[in-house]
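Quick heads-up: structures coming right below.
Two complexes are shown next, each including chain A; its partner changes from chain B in the first to chain C in the second.
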Partner chain A sequence: MSWISLEKATALKEKFNYIDVAESNGYVSVEVPKDKLISFLQFLKEDPDYAFKMFIDLTVIDHGQKENPRFQGVIILYSPEYKERIIVKSWATEETLPTLTNLWSGAKWAEREAWDMFGIKFEGHDNLVRMFMWEGYPYHPLRKDFPIRGIEDVELPSLNEVERGDQLEGLFNYSRMHTALPTLEDLEKTQKARMPKKKSQIVLNWGPLHPGTHGTIWFLFDLDGEYVQQCDIIIGQLHRGVEKIAENIGYQQFIPYTDRMDYIASINENHAYVVAAEKLLGIHDKVPPKAKWIRTMMAELSRINSHLLWLGTYALDLGALTMFLYTFREREKIMDILEGITGARFTINYFRIGGVFADLPAGALEAIEHFLKDFPERINDYENLLTRNRIWLKRNKDVCVLTEEDVYDYGLTGAVARASGVPYDVRKIDSYDMYDEVDFDIPVGEVGDSYDRYLVRMEEMRQSAKIIQQCIEKLRNDFTPDDPYFLEPEDPKKLKLSIDGRGLKLPQGEVYASTDNPRGELGFYIYNKKAAIKPHRVRIRSGAFYNLQVFTKAIIGRPIADAITLLSTIDPVVGETDR
Partner chain B sequence: MEELILTSIAIGIKSVIFIIGMFLLAAYLTWIERKFAGHVQQRPGPLHVGWHGLLQPIADALKVLTKEDIVPSGVDKVLFYLASLLAFVPAIMILAVVPFGQPVNLFGFEIKPYITDLNVGLILALAFGSISIYGVIFAGWASNSKYPMIGGLRKAAVLIGYEVALGFAMVGPIMQAGTFSLKGIVEAQQGLWFIIPNILGFVVILFAILAETGRTPFDVQEAEAELVSGYNTEYSAMKFGLFPLAEWYIATFVLSAIAVILFFGGWNGPHIFGPISPFVWFFLKLAMMFMFFLWVHWTLPRYRVDQITELAWKVMLPLSLLNILVVAIWIMIFG
Partner chain C sequence: MGIKKVGLNRNVKPQSLVEKIFFLDFMKGLKTTIKHLFRKTITVDFPYEVSTPTIRFRGVHGLRNVDGTEADDFNSWIKKLKIKPPEMGETRCIACKFCQAACPVPELFTIKAEKLNVPEDHPHHGLKVLSVFDMDLSKCMFCGLCTQACPTDCIIHTDVYDLSSYTRKSWVLNKEELSRIADDFIARRGKEKFDEKSKWRQDQQIWPDYDTPRAKAWDGWMPSYTPNYINTQKGTNNSTESQ
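Up next, the complex of A and B:
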């Protein structure tokens, strides 16, 4: 596991006597007082023995109204040199924390989100506005005292009642009260708050519904002619409070919510959550190998599925209309296979904590193999159409270069990081499931422009096909249909593990486990105060969220047409950025 | 006097036939494009309305005509209405000077398959082509919205570049034929087609037609990913329908016809189809040109607007000038 060792963390105590080091099933965390936080983090970032250069995540835990101090900041960092992570915690006394944006630009959005969801003020943040909710929204929804059904304080009568005078009182649970909704003035205020000062001629709005954004993102571009001078993004139109739901629902029951986050690669979302929960339970190594092989195979199949959609829409956005239908032809085959195995085509919840919910049906391996037989040829077809195409090169080469520094600074992960020359792949670092037993390469770019991001994703599809091939051979040769696909706990009274997950308790402790989603590192930080059937706090570290953040920086000075290229190569899915 | 009236009536009848014919043709060009795109994309295209979707254009036309015509409140109404007409009318007016064949004798009458044969035909065609661009620019301006405005400005930037290159590329065939009359140019190609010395000019014209008609890879003015639908974002119903009809079909068709006349000898070809042979040859060549544009449209991605203008000024303009030089040397050597 890629985590800092207890010894190494304790060694920090010599230099900083005010820190506390704690450990919970292998996850070492360091607690620092608020006023020393920035100097301590600076040391971690710059000291050659630690070199926690890469920003992974920042979030807040609400310990409940009775506690004082109530809120605790949690920062997760990664050291690319030593391939290890660390958790740094700090109590947010008086509901404030110092800002991290001077150390890592990537903290900007994370701090906005923490302010939005918990009401923690970050001192020194240059524009601390709300991330998901609109300006003027009075509450902070992830606080423990905010009820899960919301606070119904807006009167919003039915149109039938207003227009036709129907008497609806007492019918169909009818209530005039509704949770707060943004008005047009609120939205204008939100827009003003995001871009307080106009730098040039016009502010072009993209979205919330716009054909180029593939989802409900709202872009603000300050345009000088065709060139972008300033940019900000308003997300949150698809915010459903998945983290809040997670706190109010059983562990196994939460899985269907994860696949509604990144709906393009739902299997990978399930995968990340399931791995995190298993690691907190301490059963990840005991899961039957057959289940692990199946999960590895399905995750890679889903990655190909997601990348095919990316390629199609990317080419479509750049004007190559035909590519879209070509990739959908292959995608359809994968969808059919997924449907046959899991029973669903789109929002799949096949994985369970402890394995998968059903064995592979007869003939599944043959179907996948049949798909793989002509898949490499199809990728070559796509590459013939695009890779050496002069127009494609002109639109992508040297467009919006992201450097290695940007990757660490913004916490970029997935294909975006790899295209910038950082071989950061959680599959290799963490080797969850069977990724340490399969043979595959990590494609790495040289320049970090859009073209490299394109090439990296194309190669990733080939590598995924290679992994699937190995999984098929393993599953066919080493396992019989009688092998278990779900973990039978040794003591069923102690660990109530079942497919429906009733009564499943997770122990006290904390865990940060991540998997390599097609869109970046998807991490689940689960914090449990005491053993319970519901988690105390689930933080979802979304790769798309952090990758999208770099958009606002990389687009500056580029023509507006490059915004499309950059957005497509970053490839966010709004369900995951908004959660 | 009597002769003038007779000629006027003849031209009037011919114009009506040409305009109705062009409407029907444009409608069926949409069917061709949709079938073509369908087969490029491994799907059948329109299939259910009529035999192989042959009635689809009529259904589409009915749909577009019966849609609610929304005029947004903030628009400049005069220009808003004028724009869709300005895009459409000049495009169809180019037909006045495009000949589709030699005069034929039918039932004792001499029927000329063109409306008029002007000695400045080509210049008139170019002029009408340039006017139709105002439609797009007016649409962008009058919509009082940001996407159409950027789209209109983009189109203006692209066209300033390509109008120049287009004009210069046509100089080669004119020099060889010694006339601006399109009919005269065809008749000058009885022996060798003008494509032979004018190959550079032809390449420039291909690019210029793609740019003028706003087809991929030059469809920046309606790049749907960034500008929603570009200059026609605020339009609806038939006013909306006129834009693609004018640009994608009528303009492409007419400009293809001019390109065929300039470089591929118009209706010249072996007389193997009997009396209708010139028409067959002309329309075959025209179809090839049109299909070529469809093929490009449904295959390539699009350029960025700064790259298009760069291409126009730095590559296409020098190429068209070089073409004039090549043709001049050709004429000096071969006469």
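Up next, the complex of A and C:
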């Protein structure tokens, strides 16, 4: 497991006598007093023996109204040298914490999110405004005293069906009251707050409902002629409070909600959550190998599916319409396979904590193999159309370069990090499921421009195809129809595990587990105060969220047309950035 | 661990002068286009032609009726919940509400059972029947958890997917409608999906062999539905144990 060892963390105590080291299922965390936090983190980042250079995540836990102090900051860091992660915690007394933005620029959005959702002030943050909600929204929704239904204080009868002036009775009827909604003035205030100082004359709004933004993202460009001087992004239009839902629902019941985060690669979202829950239960190693092979295969199939959509829309945005039609043809085949195996084309919900819900139907491996046989030729077609096309080169070569420094500073992951020369791949580092048994390469770029990001994703598709081929061989030769696809716990009294997930209890403890989503590292941090059927805190570390953040930096000084290229090569999905 | 470097000059050659002058990059692209010009059509001409959903497809729900294919523990469930033993053609639902408990959106169900109003000496005295079973499918995620929780294999997913309507009211299905949908589905495709004990068949096909429109996207190819695993018996190969 890619985690700092207890010894190494305890050794820190010699230098810093004020820290506490704790361990839960192998996940070592260090607790630091608030006033010493920054100097401690600086040491972790700069000391060559630790070198926790890479920012992974920052979040807050609300321990409940009765606790004092009530809020605790949680910081997750990664050391590329030693391939280790660490959790640093600090109590937010008086609801404040020092800002980390001087150490990692990536903390900027994470701190804004923590302020938005928990009302924790970060001292020294240069523009601590809300992240998802609008300015003027009165609540902090992830606090434990905020009800899951929200506070319904606006009357909005138009949602209801009215027949002869009367409300209908029945299940389909909604309450006339609705949770707060932003008014036009609120939105204006939000826009002003996001970009308090205009540098030049024009502020261009792009989105939130523009086909080029691939979802509801609202960009603000401060333009000097064609060139961007300043940029900010307003997201949150698709914010559904997925973390809040996770904290109010059973473990298995949450899996369909993860489908709706990154809906392009819903299998990978399921995967991350399932792996995290299994690790907290301590059963990840006991999951039947057949289920693990199936999961690995499906996850890679879904990666190809997601990259095909990326390629199609990316080329479409840059003017190559035909690509879209070609990639959708292959996507259709993958969709057919997914529909046959899982019963759904888009929101899959196939994985379960403990395996998968059903074995493969007859003809499944055969169909996947048939798809793979054809696929390399299809990729060659795509490459023929794009890779060395002069327009493509002009639009992508040396556009919006991201350096290795940026990767660590902003916590970039996935293809975006790899294109900048950082071989950061959770599949290799953390080797969940069967990834340590399959043979594949990590494609790595050199320059870090849009063209490299394109090439990395193209190569990733080839590598995924290679992984799937290995999975097929393994499944076909080594397993029988009678092998289990779902874990039967040895002692059903202790651990109630079922496919529908009723009554599944997870133990006390904490876990951070991540998987390599097509859009970057998708991590789930689950914190449980005591064994319960609902988690106390679920934090979703979204790769797309952090990758999108670097947009505001990489676009500075570039012409406005590059915004399309950059956004496409970062490839965020709003369902995941907003959650 | 394997790292593969990609980039211009690495695995991609930059454009040569000849290519630039003669627009060879465009020619190459056009070649791909022309190649596709002579391929067969792959699109399905909906709605004149429709492809059949796969057998595992999670569409509109149905409530199955008793038809002699119940699982062996069906009667013990009926006894446990004090339900009037259903006749042929009556619903299998025993109002246990397991489906609601497993559902991520439990408020979409309204399930009620009623005590039978019969004299004391009647054999069904004190037993209950299902009286209300409403589902608001506008709130449903079609995740399938309810069907996996049902102990009597009553609630199932069918292959019906067109649920559009002009009113919200028509998304709320009651138990008669749900039964009708299930009956229709079982009559059409029940044998494909379930075995004699109402469990999923082991040899379900990835998609139906009569689904020719779907084959269009696959250039006319159809799987031959050979079993996925070469070995049918456990223990014929030891390498599984070594993991």
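Definition applied: the second predicted complex is superposed on the first by the 558 of 579 C-alpha atoms of A that agree within 3 Å, B and C clash if a C-alpha of one lies under 4 Å from a C-alpha of the other, contacts with A are read in each partner's own complex, and residues count from 1 in each chain.
Assume contacts are C-beta pairs under 8 Å (C-beta built on N, C-alpha and C of every residue); 3 or more make two chains touch, one makes a residue touch a chain.
None of the values given here were measured: they were computed from a predicted structure.
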{"item": "Fit or clash between chain C and chain B when superposed on chain A", "value": "fit"}
{"item": "First (chain B), second (chain C), both or neither touched by A:193", "value": "neither"}
{"item": "First (chain B), second (chain C), both or neither touched by A:499", "value": "second"}
{"item": "Touching partner for A:395 - first (chain B), second (chain C), both, neither", "value": "first"}
{"item": "Which of chain B and chain C A:332 touches, first, second, both or neither", "value": "second"}
{"item": "Greater residue coverage of chain A in the superposed arrangement, chain B or chain C", "value": "C"}
{"item": "Touched partner set for A:256, first chain B, second chain C, both or neither", "value": "second"}
{"item": "Partner chain(s) touched by A:321 [first = chain B, second = chain C, both, neither]", "value": "first"}
{"item": "First (chain B), second (chain C), both or neither touched by A:385", "value": "both"}
{"item": "First, second, both or neither for A:211, with chain B first and chain C second", "value": "first"}
{"item": "Touching partner for A:562 - first (chain B), second (chain C), both, neither", "value": "first"}
{"item": "Smallest distance from any CA atom of chain C to any CA atom of chain B, in Å, after fitting", "value": "5"}
{"item": "Contacts on chain A seen with chain B and repeated with chain C across the two complexes", "value": "322, 326, 329, 385, 389"}
{"item": "Complex contact set, residues of chain A against chain C", "value": "161, 168, 170-172, 249, 252-257, 259-260, 289-290, 322, 326, 329, 332-333, 336-337, 339-344, 347, 349, 357-367, 370, 381, 384-385, 387-390, 393, 397, 423, 428, 439-447, 451-452, 455-456, 458-459, 463, 475-483, 499-502"}
{"item": "Residues of chain A that touch chain B when the two form their complex", "value": "202, 204-206, 210-212, 226, 315-322, 325-326, 329, 385-386, 389, 391-392, 394-395, 559-564"}
{"item": "Residue ranges of chain B touching chain A (in the complex, touch as defined)", "value": "37, 40-43, 146-147, 150, 154, 216-217, 219-220, 223-226, 228, 298-307"}
{"item": "Complex interface listing, chain C residues touching chain A", "value": "1-8, 10-15, 19-20, 25-26, 28-29, 31-33, 35-36, 42, 53-58, 98, 101-104, 108, 110, 134, 136, 138, 141-146, 148-149, 157, 167-169, 171-172, 200, 202-207, 214, 217-218, 221, 223-234, 236-237, 239-240, 243"}
